[in-house]
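A, B, C and D label the chains in the order they appear, each numbered from 1.
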Amino acid sequence: MAWTREQMAERAARELEDGFYVNLGIGIPTLVSNYIPEGMSVQLQSENGMLGMGPFPYEGEEDPDLINAGKQTITALPTTSYFSSADSFGMIRGGHIDLSILGAMQVAQNGDLANWMIPGKMVKGMGGAMDLVAGVKKVVVVMEHVAKGKDGSESPKLLKACDLPLTGTQVVDMVITDLGVFTIDKKGEGGMTLVELAEGVTEDEIRAKTEGAFKVALR
Amino acid sequence: MAWTREQMAERAARELEDGFYVNLGIGIPTLVSNYIPEGMSVQLQSENGMLGMGPFPYEGEEDPDLINAGKQTITALPTTSYFSSADSFGMIRGGHIDLSILGAMQVAQNGDLANWMIPGKMVKGMGGAMDLVAGVKKVVVVMEHVAKGKDGSESPKLLKACDLPLTGTQVVDMVITDLGVFTIDKKGEGGMTLVELAEGVTEDEIRAKTEGAFKVALR
Amino acid sequence: MKKVYPDPKAALAGLLRDGMTIMAGGFGLCGIPDELIDAIQASGVKDLTVVSNNAGIDGVGLGKLLDTRQVKKMISSYVGENKEFARQYLGGELEIEFNPQGTLAERIRAGGAGIPAFFTKTGVGTKVAEGKEVREFDGESYVMERGLFADLAIVHAWKGDTEGNLVYRKTARNFNPMMATAAEVTVAQVEHLVEPGKIDPDHIHTPGIFIGRILHVPVREKRIEQRTVRKRKEPEAAAAGGGQI
Amino acid sequence: MKKVYPDPKAALAGLLRDGMTIMAGGFGLCGIPDELIDAIQASGVKDLTVVSNNAGIDGVGLGKLLDTRQVKKMISSYVGENKEFARQYLGGELEIEFNPQGTLAERIRAGGAGIPAFFTKTGVGTKVAEGKEVREFDGESYVMERGLFADLAIVHAWKGDTEGNLVYRKTARNFNPMMATAAEVTVAQVEHLVEPGKIDPDHIHTPGIFIGRILHVPVREKRIEQRTVRKRKEPEAAAAGGGQI
């Protein structure tokens, strides 16, 4: 049984530590905020200029001047501070954010990441993704293990080398898919290592669905 | 009759224009604030992080958190804003200050300026002087025409080339001395031009006390 | 030295010309100088290069200038919400230069602060670094990016005084403060215009020196791009989008 | 995750080691983290490289660390007010690296913002540019300067909350905000320590992310370096030091 989106988010939340400042991408990463352990202080950064992001507002309490990087209405917390985009990305680029959890189209065994454009399709832009993966101390990717084509075909997303245009080179520390968890020695020679299996998933199944080389060190 | 310090400051004040943002150096330049014409809006910048600098405080009203770049206690105005040193010098370096009036040890005919160190003497540092002359739109130097030695000897300060370590190269637009006023075509080939004489001062006297080459175009 | 102008048209009078570069503050539809954008549309000025993190949505914000084909080129980080944009771009009618959001913010800040170029890790080894100098510092590779400076910047602030001192509100701050510093002339629209001295000088985000012209825009309804709410009955912990316990 | 420490000694415990680089906020004696400096003096840590715009005055501020010869090198813009400094410098006991004030401020800001190097006009053609790369952009020459990052930064703020959000007061802000961003660990001393939520989030100058430890220092008398006043009878226009009509 592969993990659900919620289970993937829950697993990603285990990378949080007390006192962490964290930036969450759109999609499954956003769900991680639901699994912050009680008693743990985690401040969420929104790269459009906010630290200490609160939950969505109650209906009727939306404030057009208070949105997150996904342009959704949100709320503030007692810890909140606001700042400019330049200060926000100074914070990101300067290595002050402890953890970034984000989605991906492809990840290579050396930590290369592709998640912003598909040649031939309309390009929307990279937004803050390149800054986040280059600047944040630890980058965790949460994604489906394989891409599913419209015809039902499956193609691996964990590759020897990305063929889509890159968001960053040697930037990913960990990949959480619906099938398991991999660590990547992004700055060293250690390559990619499978460290956890989703319940009921076998090493063989993962091997069949992964193009990139990986060692196995289940814990 | 050479100009007094007050007359030099008064002359320098004629370079002010309505709406100008101005940085004044220590010494005679500070006196310029006494000659801002009535009805003219001039905001003084203090490079330690303030725009809209007011007069000295009344005795007993000094605030240790409110000083100018000369470390003197000052006051605020209704127009005042405070900012960091990085923002302050962003303002200066970015060319947002209209006019800087400052003192000098030497000025060369091409606009080179020396005003921060004398080799062999204790060096105190350049403070913000190099940033100001490099960044401010118009730089006016106010200084005595000649340097007086302890033995009463006089040596010119307006030179062909500065021999003291430079604060900036081709940065001075105008020099106001106790004897007259010079303009300098700092970015072009126009050189230095004598444009005004202090009352009772002759062109010959100036020529005798000036090493740098200059044209004359009195107005 | 009067900085206050009565309406958007007057505030932009004499500042617009074909082919110019305009910076426009805002993130999505949050903190955009919409009334000034409307006035630019009305002026008919064209062949604009517009520097803005996003390009508005269809018929709103910068989307209006796209509708009227006044924009030749966008310098942005993300333009996903605009169908007319996609149409013009795919049809080759519109040029786009994508910048990583942080690089865009820093290029603008640099332009305003007299810094012609700087180095950043962002984008090394990607399309963004193509054709740019890449250099190693202390064993890491960085790409050189250039400062940006515009002919005109238009910004939106919550409060301003007649001297041009500005205060932004919440995440409507975003790109506005840097853009205010990085143009020959900056025009600010403010929701509340007050006399000098009414804003605590420690609370000012943009000092008046950067603002050439200022304009009071009456409070009106602001657009929300992604209205996202939670039910009153739901426990807080179940709400996505952020959390702190 | 507790950031609040009971006293300066505790706030610096485990952070000090010989030969380290420390940034210290302040301009002159304005906005200096004096209680933290006292604790560094008391610790006896030595061979320090200190990044600070000034070097205090004799027996006050960083002057104390000079008195006890704990400083090996200063990175500053102006050190004129300190006799002991001059003695040690002329005697070859103390190294000094002068930076133009704006270059120093920007190097610190760059260090905190992940920018390893940038170009500036300041200092081109002077001693400051010697040995550094000079490059032309759009017909003007600029010198390349490097970002600065320290092992420890100590800053002074007016108000702070237990999350580390800081507000500075008037010109006591100066170098403190950039330094807070440019060190492995930043320790802040604040005159008023409050609970989160007590500071308007639009008024925060330094977000708590930059502050590792925070310390309440009771209000005491602050030193004034150049007490300058005007007589009550004097007309305002006659007062030097500034003016606006």
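Here is the rule we use: a contact is a pair of C-beta atoms (placed from the backbone, for glycine too) under 8 Å apart; a residue touches a chain by one contact, two chains touch by 3 or more.
All values derive from a computational prediction rather than experimental measurement.
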- Outermost chain relative to chain D, judged by CA means, is A
- Query: Is the C-beta contact count larger for B-C or for A-C?
  - Reply: A-C
- Rounded to the nearest Å, the gap between Cα centres of chain A and chain D is 36
- Please report how many Å separate the Cα centroid of chain B from that of chain D, as a whole number. 27
- Note on the structure: Going by residue number, chain B touches two or more other chains at 41, 43, 52, 76-77, 79, 82-83, 89-90, 92-93, 135
- Query: Touching two or more other chains, which residues of chain D qualify?
  - Reply: 106, 109, 113-115, 120-121, 168-170, 173, 201-202
- Query: Which word fits how the chains touch one another: line, ring, star, complete or other?
  - Reply: other
- Touching pairs of chains, which are they? A-C, A-D, B-C, B-D, C-D
- Item | chain A to chain D touching residues, read off their complex | 18-19, 21, 41, 43, 45, 51-52, 76-83, 89-97, 135
- Item | chain C-touching residues of chain A, taken from the complex the two chains share | 24, 30-31, 33-34, 36-44, 46-50, 52-68, 70-77, 79, 82-86, 88-90, 92-93, 112, 122-131, 134-135, 165-170
- Item | Residues of chain D touching chain B in the complex | 27-31, 53, 76-81, 86, 89-90, 96, 98, 100-106, 108-109, 120-128, 158, 168-178, 205, 222-232, 236-245
- Item | Interfacial residue positions of chain D with respect to chain A in the complex | 1, 109, 111-115, 161, 163, 165, 181-182, 195-197, 201-202, 204, 207-210
- So, in the complex, the side of chain D touching chain C is made of residues 106, 110, 113-121, 137-138, 140, 142, 146, 167-170, 173, 201-203
